[in-house]
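There are structures below to look over.
Note that subunit A is present in both complexes that follow, paired respectively with subunit B and with subunit C.
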Partner chain A sequence: MGIRFVPFFIAIVTTFSAGAAFAASPIKIGGLFAVTGPAAFLGEPERNTAKMVVDEINKAGGVKGHKLELVVYDTSGDATKAVQLATKLIKDDHVTAIIGPSTTGESMAVIPVAEREQVPLISCAAGIKITEPVKKWVFKTAQNDTLAVGRIYEYLQKNKQSKVAILTVSDGFGASGREQLKAQAAKYGISIVSDDTYGPKDTDMTAQLTKIRGSKAQAIICWGTNPGPALIAKNVRQLGIKTPLFMSHGVSSKKFIELAGEAAVGIKLPSGKVIVADMLPASDHQKRSLMAFVRDYQRHYQAEGDHFGGHAWDAVMLLKNAIEHGADSSATIREQLENTHGFAGIGGVFSYSAQDHAGLNKDAFVLVEVRKNGWAIVK
Partner chain B sequence: MKVREFLCKKRKIMQLEQILQYTFSGLSTGAIYALIGIGFSIIFNATGIINFAQGEFVMLGGMLTLFFLEVLKLPLWAAIPCAVAVSALAGLLFERLAIRPLRQPTPINLVIITIAGSILIRGLAMLLWGKDTHAIPPFTGDEPISIAGATILPQHIWILAITLLIIAVNKFFFFHTISGKAMRACSYNRRAAGLVGIDVRRMVLFSFVISSVLGSLAGIIVAPLTMTAYDVGIMLGLKGFCAAIIGGMSSGMATVVGGLILGVLESLGAGLISSGYKDAIAFIILLLILFIRPQGLFGKAESERV
Partner chain C sequence: MKREPFKFLLFAVLVLVAPLAFKGGYLMNVLVFVGINTMLAVALNLLLGYAGQISLGHAGFFGMGAYLSGILTATCGWNPWLAMPLAALAVGILATLIAFPILKLKGHYLAMATLGLGIIIYIVFNETVDLTGGPSGLSGIPNLAVGSLVFDSDIKNYYLVWTFTLAVMLFSVNLAGSRIGRALRAVHDSEVAARVMGVNARLLKVQVFALSAVISSLAGSLYAHTMTFVSPASFGFNFSIELLTMVVIGGLGSVYGSFLGAALLTLLPELLRGAQDYDIVIYGGLLMVMVMFMPGGLVRGIPDLFRRMARLREGAGNA
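For the complex of A and B:
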């Protein structure tokens, strides 16, 4: 009887203390996003989402009485600018934690500042280098490429397809993908029979694909961001190649289907769960967060929430979660972030630890297939 | 033994099919380079400058077609002439506002102005239409056509046919019309042309309009295959420039052949050597031609232009 009342008491006590602490000082959070420039497709939804989430939290009375205050700067994708603005956030605005930057290059540049000034940084970029090796003050919310590669290879292994051709774009994203595709192949018993690249501005990839058609590949894996993969999909159709085509998570957006049209049908790719949120079974841990994010974003911006916005959603909510667990200073927030366990966000279920500041496993990705009427989850 | 022979034969056929495919791909990209290249040489012959904004008219062709299709909801057959007309107007304005008012029209000043113009046009396009890539529907379906083991799309046939048509019209214009002959006269000797009563400034204006029409047409016919965005003009412009250099800055067949050679070599290089060197091939050719045969691959030492 007594034990059953304990949670009840705790609830009452915390409610009161929350009420009493209503006048608690606001917690300042800095945001560094590439809202303009070449990485604007990342930075814009990230900034929108961060603003939206902070507003909603404050409307609901803040976190344990603390209102959140978001200070956002635009880095325009420039690492030098990102470092200056990070310093400004810490020295002039006295923020308690920083969300962002949007790209791996900027994040790597800002890390030394965060480490020196001892301010927690939750990066929204995907590069594996950001959290490997682990830096004391740096966390990230975007999924590693490793996990996406793992998803594809696992599927191929299950379907007994062991010879693959890879076609990667010659930029940072493609190079990282190519590295991971080669590094993990052996683990899944896969051999790469053809290894080609294409330029980010190339307009015709039939030469590379003709070469692949002549090889013994059982699957083609293409690693790039729009528009290249859409052209490749069209070229594959033109050449009448029947080998199954896989893409990276870099094109898991409506835009890809729009660009590739008919040619997109049948393509499989690993993707975060946002684009298939409504198709997930109710038992999925992330379902509630995903639906809330998609609905809110639609209401605020009349646009569909995407993965990138999701990275910022996760970053703000992870901070909120840490503050709910009693953190209110840079040091305590860092400590609580590291203790995060089983936090179901947009990018996946986060469990940080002292050895892991990326926090996700390969369940963060689902394999989806493009059908005539949109996405479908591949079992 | 027989099995081995059979396999050997099969392999050879496959290789032939591959090379045929590379050649087809190369010819269609080459045709685009050729059209852009001719635009370069027409302006070069009329003014003696390289118009580095040429690539931007290629972009304008594609983006304007998209604009007329999506925003004004015109059908494709109406959107294309509208896009060409607006590009021609842009070419005209460019000459009137940026090239003509120049006090001291030294070639270096003019070339730098065209570079500035290209940055300006690209920036405006980005502000107007955003940074996204857009797809344009193919002119007539996209069911692949198989020719001797290689496959092409109906759009490839459109590209080759329209290029041929444009080259024929171009030839006719320069050799059988008064304006065309006057423009040729300007390219031989501006002063003499002026002395016999040819309005040289008008011919310069003409050359900009014709080049922007050619550029925008190239941009339109290639857009269904390659898609279009505000920044597609840079690379296509450079490749077109290479084609013009190979052709020795002639606005006739030499540049067309230059474009086709470039396209096919690129495609063969990507397929047989390595795809990483695709763009390098174009620029190595450019450098070699400039070093060894600056008059172009087919030109005599004192090249006859146009």
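For the complex of A and C:
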């Protein structure tokens, strides 16, 4: 069986210079991203960013003499495939650490493999379950939904609005958001007067919105990823609903404004800082990282970097940071990752510890509003 | 047919020694899934290849087995060996109840009904968040264990899964060669003729539907305990279609054909990874070529190909 000899897909983005011959051994990093399939909107920018960052690091001479080698596989958002490919990365490619997968489901599926084989895994998915309870070898870079929900509720509380209607999509992202919206409401003195869901492929949500119009809601919170929320924004306009509309960080990219058009104006949402990078004061810790990421992404891909790509940026840079602190094996990288303190990335300022493998606080999010000429930070 | 036991024995020995060729690499992990998919393809083949009844909802039964096993062990703390037969029994009862009305339908209508069934089951997995964990899945499912032997590595799971797969294949080969198998084929060719000959076609169809669902459920339980995690995305409509493709590509009405189909469709994406972004195009193209030139499936197409090549060589020798 000649299967073993079939050349496999290795995306090595290394440029071998003359100096490399004397350098320390390269460090292999695996990437698992959902580049195709329903979660491609996550996986594609993540893969692009990971390749870009590794490329830049190697051009600058690597980390402490180590070149980085990136091996990327496409999981197409399938948990079974993610497990197979994680096994492949560990057993056949002998990677030192793994970045990804893109979705919570895939991450949960891969965790037992990473734990068993003792390879650090930095997930790019948001689900709280990934790092709670803490797993020895598993970290994540995407912000918890708890923080995003907190941002919205804080604003509502400040403006003395206590009755909300929630409308969430029935996929992993929406389910997690719905859970957090319900769990945290009491803490901010908020009552949920209407709780509805919609399907990821639905094309009209007027039924749910008509029901919400009949309720006493003072705000509508919609939790979903494109394109559903854009349709909801349009439906809200068509029905003439005047209740303020809030969205989740799932739509904090230019794509949402393109899809919703005029209807997006006035919508508020919690977002990672990347879309408002240029508006941040110079005193912001993340400003330098954010500007570097946005500039590089624009140059490499002629497109705007979003916070999904940012998750991969953070993962690679956290690894780089760990290697700079002397780590060069799976065990030492894990140790150094856990010691990360005050690392200003794209998603926020990361401080991991033995009790916290998510590493972010609610400063990771800002509340932004869509204006006619783009995003604006809500104070 | 004296050749059947020999063929099965040869196949079993091949399965036994196959791991030696892979030395514990990641392909071992893929081979575990080849085993699970073979079980599913054989189950669907009993229904589609032998009895001639289509089902586009088999991923649903597979998922029910996986979720029932997962919930009973991870949430309720049952012993996996107890959860597995119970899940299979529950799925079997449900399938029997559904089969009576659904199998009155024929052709496209049956396809539509089973398609709907699969989608309903998928939606239940997705929406009953408290029970199934919803779209982000159910984790913490224990591995199977016998005494102090825990099936927690690829090689152990390989032998575990393939033991079940071989048992299912042996059972199916025997079933196909028995009176029931002949009755099924009679129903396939002409239901009216079969009934005239005294075959209780309606009951027989229900029985084989239920049997097929039970085998799928067993495969699902094995999947849950080897993966230790389940999420709805693995049991969607796409997977039902993939199973159907395995059966058709492998060869309708052949147990070994189901293995060939399952092995091809599980391994091919891995082998095509070298082609990078073009893998999907090549994959689709290959499937089309196979259906066009091997309408009887791989199990009949490959020997045919050899025969034709031998004839060509003979022809060349004579000239």
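FYI, the second predicted complex is superposed on the first by the 357 of 379 C-alpha atoms of A that agree within 3 Å, B and C clash if a C-alpha of one lies under 4 Å from a C-alpha of the other, contacts with A are read in each partner's own complex, and residues count from 1 in each chain.
Assume a contact is a pair of C-beta atoms (placed from the backbone, for glycine too) under 8 Å apart; a residue touches a chain by one contact, two chains touch by 3 or more.
Everything quoted here is computed from the prediction, not taken from an experiment.
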| item | value |
| --- | --- |
| Three-chain arrangement built on subunit A, subunit B and subunit C clash or fit | fit |
| First, second, both or neither for A:214, with subunit B first and subunit C second | first |
| Which superposed partner A:40 touches (first subunit B, second subunit C, both, neither) | first |
| Touched partner set for A:222, first subunit B, second subunit C, both or neither | neither |
| First, second, both or neither for A:239, with subunit B first and subunit C second | first |
| Contacts of A:105 with subunit B and subunit C, given as first, second, both or neither | second |
| First, second, both or neither for A:202, with subunit B first and subunit C second | first |
| A:88 touches, of subunit B and subunit C: first, second, both or neither? | second |
| Touched partner set for A:176, first subunit B, second subunit C, both or neither | second |
| Minimum C-alpha separation between subunit B and subunit C after superposing on chain A, in Å | 5 |
| Shared subunit A contacts, counted only where both subunit B and subunit C touch the same residue | 170, 197 |
| Residues of subunit A that touch subunit C when the two form their complex | 1, 3-4, 6-9, 36, 73, 77-80, 83-84, 87-88, 90-92, 104-105, 108-109, 111-112, 116, 127, 129, 170-172, 174-176, 179, 197 |
| List of subunit A residues in touch with subunit B within their complex | 40-41, 170, 196-199, 201-204, 206-208, 210-211, 213-214, 226-227, 230-231, 234, 237-240, 255, 258-262 |
| Parts of subunit B lying in touch with subunit A, wherever the complex brings them together | 14-15, 18, 21-22, 25, 28-29, 131-135, 142, 144, 146, 151-153, 222, 225-227, 229, 231-232, 234-236, 266-268, 270-271, 274-276, 278-279 |
| Subunit A-touching residues of subunit C, taken from the complex the two chains share | 21-22, 24-27, 29-30, 33, 126-127, 129, 134-137, 139, 152, 154, 227-231, 233-234, 267, 270-271, 273-274, 276, 280 |
